[in-house]
């Protein structure tokens, strides 16, 4: 995909997708003039196959598949450096959020499953417990990602320092939290929110 | 260009308030290029759209215009730098007023026609004329004027009685 | 030592402070006590969603924060927040909800009620430097941190983007250094004060964290710092818990203790070191503190 | 009672082909007030004009309507003819039945009806029209040039060479502006001072030029041809008429460690100083802030050593009022500074570049001084922190410019070129060094410009990197530059010894204040606005004031000089006449009814409306009303449409005239 020639036409440029990104992020995509300042300061740029400025460029061209295909968007650390320094006030960090959301909804054509998995578990944790339960998060992640031995050495150390709790009590507001999740799901079903 | 011109049952009156520098010259260009458009429009020349008082537009409607066009230089091209800018602001408020008194805003058109846009002049005039033709004669204000004349004339018995009682 | 009028704060500790960042919580409470400030935890608060939520679902993130802010209304005093990530999320939510009408309406549907998010949210750094005041801190120093060379690490979330947290200049903050100077310590000039540590990749992509955090540790060492001071449990986790593996991987030796600023401030104000959770960090800071005759 | 004459033209067949001209003339004859009507084959021909003249005399006409082509074509012709027949030219109007009628319609019946309507409109207009006299104003043939950079110098010399008196007012102790600071200039790399100083000397020696250096504009009153300008001559503390420029005072002054502004703070000067050796005038000035005498009352060395006794510590500012006919504004620019910006400023700083705290990050003008043979390093490129020669030098373009987030969205136009120049100068001076340039675009339109840039890349071996820099920090004695190369799609890190920023061109400090004194308009950045972007690029909207150089927008020297000469030509055009005559279409205020709300004043694009006090016999102010300065009014009529009490009226377009036209519909 990356090296294939781009054929541009009204059909291949998905502007509807770009509009969605703009609406979710509240930031213009067209304003970017490709200075690359975002990529220059991005701590994760080196890990991405498309540096941030190219993500915006691909969006300008409506090339949503290319944007979502790689792991780039999942490798953004949300550090806001790009947003802070962009000469055109392109809110790239929010654009990244929006892209991840759209990819997530579409069950992501992305290759980056680890980050997605961690996010999923984290959010599941909120829904079940109300607060983060790090031991479960770590354990579940290792189980599901098949890296049973990952960070194995850290666990006991942290437990002994009191940094990990063996047990977790449920939050008393758990019903409210469930309500929030439910209502958001409903809104989306009804098309009231993206 | 636009081939014409048979007489229709209803020939609307269209009045155009234009600025000297851009739209008047644009209309001249349409002429020198021998373009064709409906002969319903009467052009009133102003130095600048900034000079156009909304009262003129009201008066034109009262005097039988079925459509009014206000046209000047493109934003930023005003011969007087900012006259058209003030005009735009004035007309924005004025439209609301017209709407309020019940004038169909489709009868009033604002546009920008530069000295080089003979074609655009033809388009704008043709479109407005045809639109207004479709809408039929403008009645509201003509009735208003008739009323005014009525109340201004001394011949009605009611008025006469009223006057007599004062003197 | 008690301020004339007792300042009271509501408190949102956030998930990490109840777990991996517990010494941050312990030292914050100790510090507030020492300063005579009231600190009451918002009952039954829940997770702000942190990075993972806004990462894939901004609306969820905004809603969770809005709900927490509403619950905070029940407790007296401005909302004090210690964790930089929670602070950033809560401020973001406030900013977004007040500036974006559509989002506000969606959030109101989600939390089933009006989104009253006006309660001032303050980072503890702000409370120390601006509300207690540097002069007052200086006055109350019992044990000046003389000779302690500290690299103040802000991370990415405390000041960015400029319109949101409004804590300090977004590119060149000085609030941590100002506080340290008031305590008699010696903040070093260094380059990586605001570089990202890789925060939320700690679970999914530890390799990334190792690389980014290594650069931070390296820069602090280059500046001849004795230790690093942080304001975020995620930064702390990455720099402290992973320090050993970072050293191994990069054949480096840092041995840089990582302090929460609350620990150092409290120490200077005379809180006994045993009350500050020094025993629960990985790189033991006590040898350094002993060397500088601070404990 | 009006006696109007209507003349309907056939234009050969151009009109008569579709319009029944005879019928139009006949219909016109029936309009009340029309005393005469006829049609004729070619109205603009001599016989046609004679017909008009004869009719005016024979029928004692009070107004004329020529129904023919567009007034843009022949209004002048017929007004002149009417004038020759003794009629006021402004009661002669044209009804446009060619461009607006016969040429654009085919239906003869409808075209004829329309033509009649157009004639009727114009008849009503002329009936309500007034005789107008052209406005004449005298012209004072003396020009004022504000700012003594290359723009001001060029304009002053051109006007003075044409034989007119010129006053040059320069704020600094010497004229020369930024060009005097430059080392070599693109695109030819000639030495700036070599081409600049002779011109400066010409200004000093020109019999028609009076130079007010170290002076500022205090007040401007009046209008085109007739300005009254008050100039404040700041106290120099040295009597210019006595000083011989020997420089002994400078040599002896004990206060010597003051950073020299001319060298961007990188060289030193004394408290009594001339900014640079070739300064014009070559009279020193005492910097009172830094002089021991002024600060503590001790010293007085300079006065003691001065042979002619020119030093005068008691000297005070003096005000002079001058009568001026035309003004050229040439106040130039300043460079954006990356420092932290003051609270409330709309322009932000560059924290990511260290807010100006890293000593070896300098701006382009500093690099010019370092590269200049007469600069603080004698032309060697040495970095400020330790005087070492930088072996890796990074240039960054578009700093502050094209960055709406920082508050400036325009392109500064000159920096691509001067950066290319800098890489060349660097390469010429540091043979084993490497120059890198971070750029987004290379904007090099201009004769020989792109070739110049290509030479920097191809022959002078500058490495151009397409991308921006996100951050810089000091590490040891290196500056770490973190940028990106968007063409490769990777981050770039360079350990630089020195960094040069191509910072944005901004209007001069206080440009807005000067504009307010002059009554000229300026944009949101404070650049002065020209009257028309394309066709009046040197005129201000305010008549009699012209623009030259970078005060109007970023410009390089060739553009600056062209505009300066153009401004001078405009001044000479004005001075070619003794009296100014202009179209009498101007607004007038009816003093009786004006309520003094000044709604008109707010909208007037020309600033023609002034406040006028009406006094009773005892001299008490009874009311303040609007007054339109006819010398300034452009005749747009915006005031009239705005005035709530309809008391300001535009001659030639009165409400009465327009209403009368509308009544015919």
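Which chain is which? They are A, B, C and D, in the order written, and residues in each are numbered from 1.
Basically, a contact is a pair of C-beta atoms (placed from the backbone, for glycine too) under 8 Å apart; a residue touches a chain by one contact, two chains touch by 3 or more.
Here the structure is a predicted model, which means the values were calculated and not measured.
A.B. asks: Report the most central chain, judged by the distance from each chain's C-alpha mean to the global C-alpha mean.
C.D. replies: Chain closest to the assembly's C-alpha mean: D.
A.B. asks: In terms of C-beta pairs in contact, which of A-D and B-D ranks higher?
C.D. replies: Here the pair linked by more C-beta pairs in contact is B-D.
A.B. asks: Distance between subunit B and subunit C based on Cα centroids, please, to the nearest Å.
C.D. replies: 67
A.B. asks: Would you kindly tell me how far, in whole Å, the mean C-alpha position of subunit D lies from that of subunit A?
C.D. replies: Each chain reduced to its C-alpha mean, subunit A and subunit D end up 52 Å apart.
A.B. asks: For subunit B versus subunit D, what separation do you get between their C-alpha means, in angstrom?
C.D. replies: 38
A.B. asks: State, to the nearest whole Å, the distance from the C-alpha centre of subunit A to the C-alpha centre of subunit C.
C.D. replies: 23
A.B. asks: Quick check: what residues of subunit A touch more than one other chain, meaning two or more?
C.D. replies: 81
A.B. asks: Which residues belonging to subunit D are in contact with no fewer than two other chains?
C.D. replies: Those would be 352.
A.B. asks: Help me check something: in the complex, which residues belonging to subunit A touch subunit C?
C.D. replies: Touch residues, subunit A against subunit C: 24, 26, 43-44, 47, 75, 77-81, 83-84, 91, 93-94, 97-98, 100-101, 104, 114-119, 122-123, 125-126, 130-132, 134, 137-138, 141, 145, 150-151, 154, 157-158, 161-165, 171-173, 176-177, 179-181, 183-184, 187, 192-193.
A.B. asks: Show me the residue ranges of subunit D that touch subunit C in the complex, using the header's touch definition.
C.D. replies: 340, 350-352, 354-355, 473-475, 480
A.B. asks: In their complex, what parts of subunit B are in touch with subunit D?
C.D. replies: Residues 4-7, 11, 13, 15, 24-25, 27-28, 30-32, 34-37, 39, 42-44, 46-48, 50-54, 56, 59-60, 63-65, 76, 78-83, 86-87, 90, 122.
A.B. asks: Can you check the complex and tell me which residues of subunit C touch subunit D?
C.D. replies: 169-172, 191, 222
A.B. asks: Using the touch definition from the top, list the residues of subunit A that touch subunit D in their complex.
C.D. replies: For this pair, the touching residues of subunit A are 33-42, 45-46, 50-51, 53-54, 81, 85-89.
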